[in-house]
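Per-chain numbering from 1; labels A, B, C and D assigned in written order.
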């Protein structure tokens, strides 16, 4: 899910300025989890969300249903900080539960935007949480308000609630599918009613969603398999693209409300977002990353003394690159594990430090060496510049850079928080200009075909690409209704600025 | 305004048990304030709410409009604790502002129920706050949900938002009046749009609302005149029963959407709720209370040495009683000013103490005396029992009790938090039984006609009573739709339990 | 007790500016309580401190001894906010307990200064709390540091700990008396060891301290009798001037380490500090205040329509004045009960309001009237000016002022927080200048002999005054060593600025 | 520094039970930092402490001196959470500053124990912070109390304050050295007076301390070189064993108050504590760890398919082991970066999970493989058991374990938080018993001589060992006075239990 008004900013609250040492990274916006028919439903949901914490650190929420009432707890901050106590879990009574973690955007942090959302419908209580982005949400929201609906949040997810509420179909599941047919974009949804746990994945299966089960057969939905591992659950299968999975006391039913098409999952789950120990769409993320490093080593070898990963996401690709090229792998950059995501009103010294707050050169393996840095991607390039400089200051004789994915030239509109296109280094610089900007001897990216080879294909199918890869190619797989029709859409948005 | 689900309780949150030394009192549920066209709109609203703090201590909120955007701050706790800093007021930019204080119910304290409420409508932003209670809110809410509306709070006030949103009238003010025509009960509303400040009072004018102005002509709406005094504003007039006052840059317009009827304001504003320095419906509250004491002295004199008020609300009536009877007035009960409204998880000792936390006998004026205690009302009677006992323990020779209003026999449904009828002492006990229960030598209440005399009438007009006085008489002035049609209405309510 | 460095200010902390609506009042600095041999010792101590809350609102602390260990809880804020929960009281295990409330000075609020203080001595644990001020504490502190002692707080009370610790006497009680013999000034101490509860009052008995007992004989020490009332304890007697009361399992022992002199208690306990329901040195505070009003009525009658007290401390004197003069008593000023003591970073509007935050004119009894305001004292006079102005704005025809104590011309050094002498209105203005400054028709103070008459004497004994009354007379009853020897004493003080 | 009373437990506070996923690790107890003569002294201290955060996460403090006054801020929690804002740094004015981070012990977390400590001495203000442990602190403390000193904390560091305060030497530095001569054990101290920044290292140099400088010559003291790197400072030299470095405006002076002996630094800084990018006593920690892996590979090769490090501290040794043995290195265990150190009142589910909260098996590189796990040490062994089990559950065919240091058989008394000896797995189990307990095919530790080879020596010198290595050998390098003389020493300790 995505807040629709990230740019209408100075939204009150007490935060006046924030410094984010991770700002030059892509950010995923959510992880979802659901479980049905277990006495410890909420405790297991909390653990699952903890395993999905890398997908969003801003806020977390859980809604549980105890057979009579829904219970909700939503908090800004980490799962472990707010959902690890017995007292909180006891308040979330019930045998069915869904939960959500959300990415930390700056400034626009209102509790009312934290998921799962909930509504009393004529058919009963309904709670939903969402990973992805609805690309016609603004358009739909405008229509809904014109019809008299009242939107309480600025989240695209709320549109789903209203569409379900306003459907005239008699049965809940029909209403839910009515709603799905009206929304465009990428979504993996987990929803809870007083009878059902529902998982739904958009027609292309852009964002991930898996089905698992505990030893006793309790069904589970989760964004990634690592959330199954933590509670000892077994991976059953992917929820398929365009599939709606309905879990009740009578078992699991699979609905297919959309025409059958080939799946086209987001390739960035492999490059950066998913945890390396997860298996996404049947592939080990760790193995795929290592293979990206192999392919990169084949495509762009380097005459260097040592391979140095940019931690942590660059490590598997660096290992692959090292194994392919035979250059020794060393931890030449040490990460400070105690860096929070953001600093509020930081001192000038902190702002000047930038990447050194989080990373330090390990001089012992750098000094006097020709090094090749391996990273997974370049967004704005500002962090790369600083890391390269840090390497030279630590005595590197030569610094080369290898990137284990193709250049990012286009922004995402499906739930990844990318900067505007003009801020993407590769959108405005040639390879040589990038090399010069970053300050390295040589720079190379993995080719589009290279990344498809790492995924197990011969090459990218230009007619019917196997993955959602618009960040590299500009080939957006769905309509971008809000964006195309943005006749001042932003102005239609909520005018209410509220502090949490 | 009233939460519609005060009994669907154990709503999570961290509060497990609370002890309220004021529990044996009636509780008002709100105060409202609005100002239009002043550069310090929010600062003045905060001061006005501070003066209205006696009408509600649970939470406070302010919404301001700066010509472009609405800004909202809503907090649990006192106005002075949350709205006195420059930083908060600066966030509430704008020349128009409305605010609300809310009574402290136990347990059901969710920020989402704190007012003013806000919605983006097709006609623009709309914010509203409410003092009173809508007696057909549940019925309307059920209809709204059936039509596909999504209710985010359990507050009756939210129904107004939806009714305005769903009206098909083209102009905002027509939609607002459409909504008023559908609601029943008691309400004094203050609302803000991007063009207008609106004040509205129900057809009978049950809850108070006044219009004032600053020296520069800035118009102000407030529950009581004491909120005008604090900012140096002049009282202009009452908003009349059934009147809608629309304040824009072009001035003040008065609309009368309802058939003209005689006003029938709530008599309890004089007995207990309003501040003694306020002028309500043209009468000084302090003077009315003193006159209740006069009438009580006339109706029920007493052979005693000293008149002792139960502080603080009993003081003016006790003065009146003393002046009428010639018995000296003394402060025989000393109040501890540092008693907060509630104690969380109190020790057994605190619970056993009860009233002694707040009041202590002033032995010097009690010992060996025949005393007559004057209080404004008896609800459950539990506090009276303890105060009488405290008087005897301090050496009183005789204790008599005089109450400056008639016995409370019926619950309120218009925004006063009364216990169930069976908990009202006067509903289940004869006068003699009450006297015995409370443990006094003699007990007398002011008669209904006596209280009307204190108000300046010869007597209560039984055909067309001058005041809303159902607590004494059972004569409810409006339909009680939800209550009469309560075929399990409570079950239709929000099933979501959420911690703040 | 007093912090010794109130002027060495900008002490860090997060408070940048505070506005105190009570700033033009005298402030007492402490209340003490102790109990020995009761299973609910700490719960009863918390209740006793709650009753003494008027003596200090900044902070509160309790130390209990469970036979093995001492337990301590010290908090900034009110007793009811921090010591009313079962959890806190359970941590304060033990059958003996002492507690302290402390006045809110601005800025210098460090938890390390909150009492009771505690030290491990060679003789075992020792905890002490203090009401008063040691007038040679700086001098002693300087000597102690020169000897190698380490002072952790800036409180004069810590000096007592060090003096006891450094005494060479073998028995604890001898060490304690050694320490008392070295300190000068005013003190009522309550102390706890692993064997004893101790109460001590300075040789003149300047600050109050009483002994009480529960029905079961449990002994109690407290600053005022109202702390006995709240827990149902009986007043036994005053701790006498110069007396040390030692309470053990074997009973109560009274020691007299000082030469016998006549007591000379602080007269301001009657004028302003003590609660009206307390009996101090054998006199009801309420009755004394009323008598001050009588005497004032005799000395300075007034041709007026109505007597109006400045709430709350002026009420008993106003009643006395009204009864003596026959002018009707009315509540012409209404107090807002929801004013906290201080506002942090208040808006300009709040600062401009001043007294109106807390008081409002009750126009109904003022308009067109000749009023006589009765207050207990004038310190700087700034509040009086505003109240008088408020009366005229409410329509008073004439305003007269009567003060029920003599003019305050000299600062206190015994635990009352008075401003510097040049800020005391009566120290720098003649009566006529004061009248003009305050803006009243007539102004009168009670005479020194008048206040002694209210206390039951014919007049002040100029040779051996019955009370400590230097604020009126400049007759300080003890040496002021620190002040006289202040060869830059302040510079010797702690240089450490720490935020709480 | 160490609290002397970790076992006298239930110390109040609100923490009732905590679960620490890192409990089966050794814990270092502190990091220190100091800077003299820089306008941004406190900001740079905060950054230095951030780089030393791995040495202690419980609390942090900074004291600065502005030429007139000392300023102190001490907080529970991480440096980045409390010392990154402009407001806090501005309160810590001055050109000289010292700081401290402290390890998180459970339960005994009182702000009064947080360093730097401060005292006003006869010679002026003195602040000190400490890494290490004074092994005769209890004995000294008992003597000090007998002499009349008052100890406010339970920290061994406070003893230093008192010894300096009580020295009769005229000059401060002589007093400081007097104090050092009385204390035994391990200490790296950084201290600040109104003239000097002082660094001191115990006679054997057990805990680390380095001297660095900024480009402008500003001198810096820090526990590790990584704290120099973060602020762009240059490493100058180690502070030597037994050296006292005195930094004033006139430059740096080196004092040698102790007889010259060979240094004997703690070997555990290399095994576990120091950051891999630090250079400790002239050796790169990363390189030493890799060499431990080499030696381990030589001493204990393994017939396996893949080398898997236990993250994060096992990674360098695993790389060394892999390079030596030729077995491929893979990240077979993925760490969750969002695990806080502790969970308060965790659910039963969280407690049952244990290591899975933090680590997950990367099934893709484990399934069907013979794996060799490389870890740096085994303490209780409880974590190792769970990790091995996790490997088997992920499909490992065989699991072998190699530990890159010798078995830990003896507790530490120099500032490392080790469990009691009976809880150390290697103290009570033979190698075969350990192998069986942990559940692996084969288990091997690096030999004592092996670790000395990794450090660059032929072998351990049994007569004059080059390192403090008692955890492996039982050879404690200093007297353990408190321990040996523990005639119930614990009972002499503070009996005061206080909540922060």
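Throughout what follows, contacts are C-beta pairs under 8 Å (C-beta built on N, C-alpha and C of every residue); 3 or more make two chains touch, one makes a residue touch a chain.
Listed by chain with UniProt protein names: A, B, C, D = Amidophosphoribosyltransferase.
If you're wondering where the values come from, they're calculated on a predicted model, not measured in any experiment.
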Worksheet item: B-C or A-B: which has the larger count of contacting C-beta pairs?
Response: B-C
Worksheet entry | Rounded Å distance, chain B centre to chain C centre (Cα mean) | 37
Worksheet item: What is the distance in Å between the mean C-alpha positions of chain A and chain B?
Response: 49
Fill in: Of all residues in chain C, the ones touching two or more other chains
87
Discussion item. For this structure, enumerate the chain pairs that meet the touch criterion.
Written reply: A-B, A-D, B-C, C-D
Fill in: In the complex, chain D residues that touch chain A
40, 43-44, 46-47, 50-51, 53-54, 57, 78-81, 84-87, 89, 226, 229-231, 275-277, 279, 284, 286-287, 312, 315-316, 319, 323, 328-331, 334, 336-340, 343-350, 353, 356-357, 360-365
Worksheet item: If you look only at chain C, which of its residues touch chain D in the complex?
Response: 12-14, 63, 68-74, 87, 91, 111-112, 118-122, 124-125, 145-146, 148-152, 161-162, 165-167, 194, 493-499
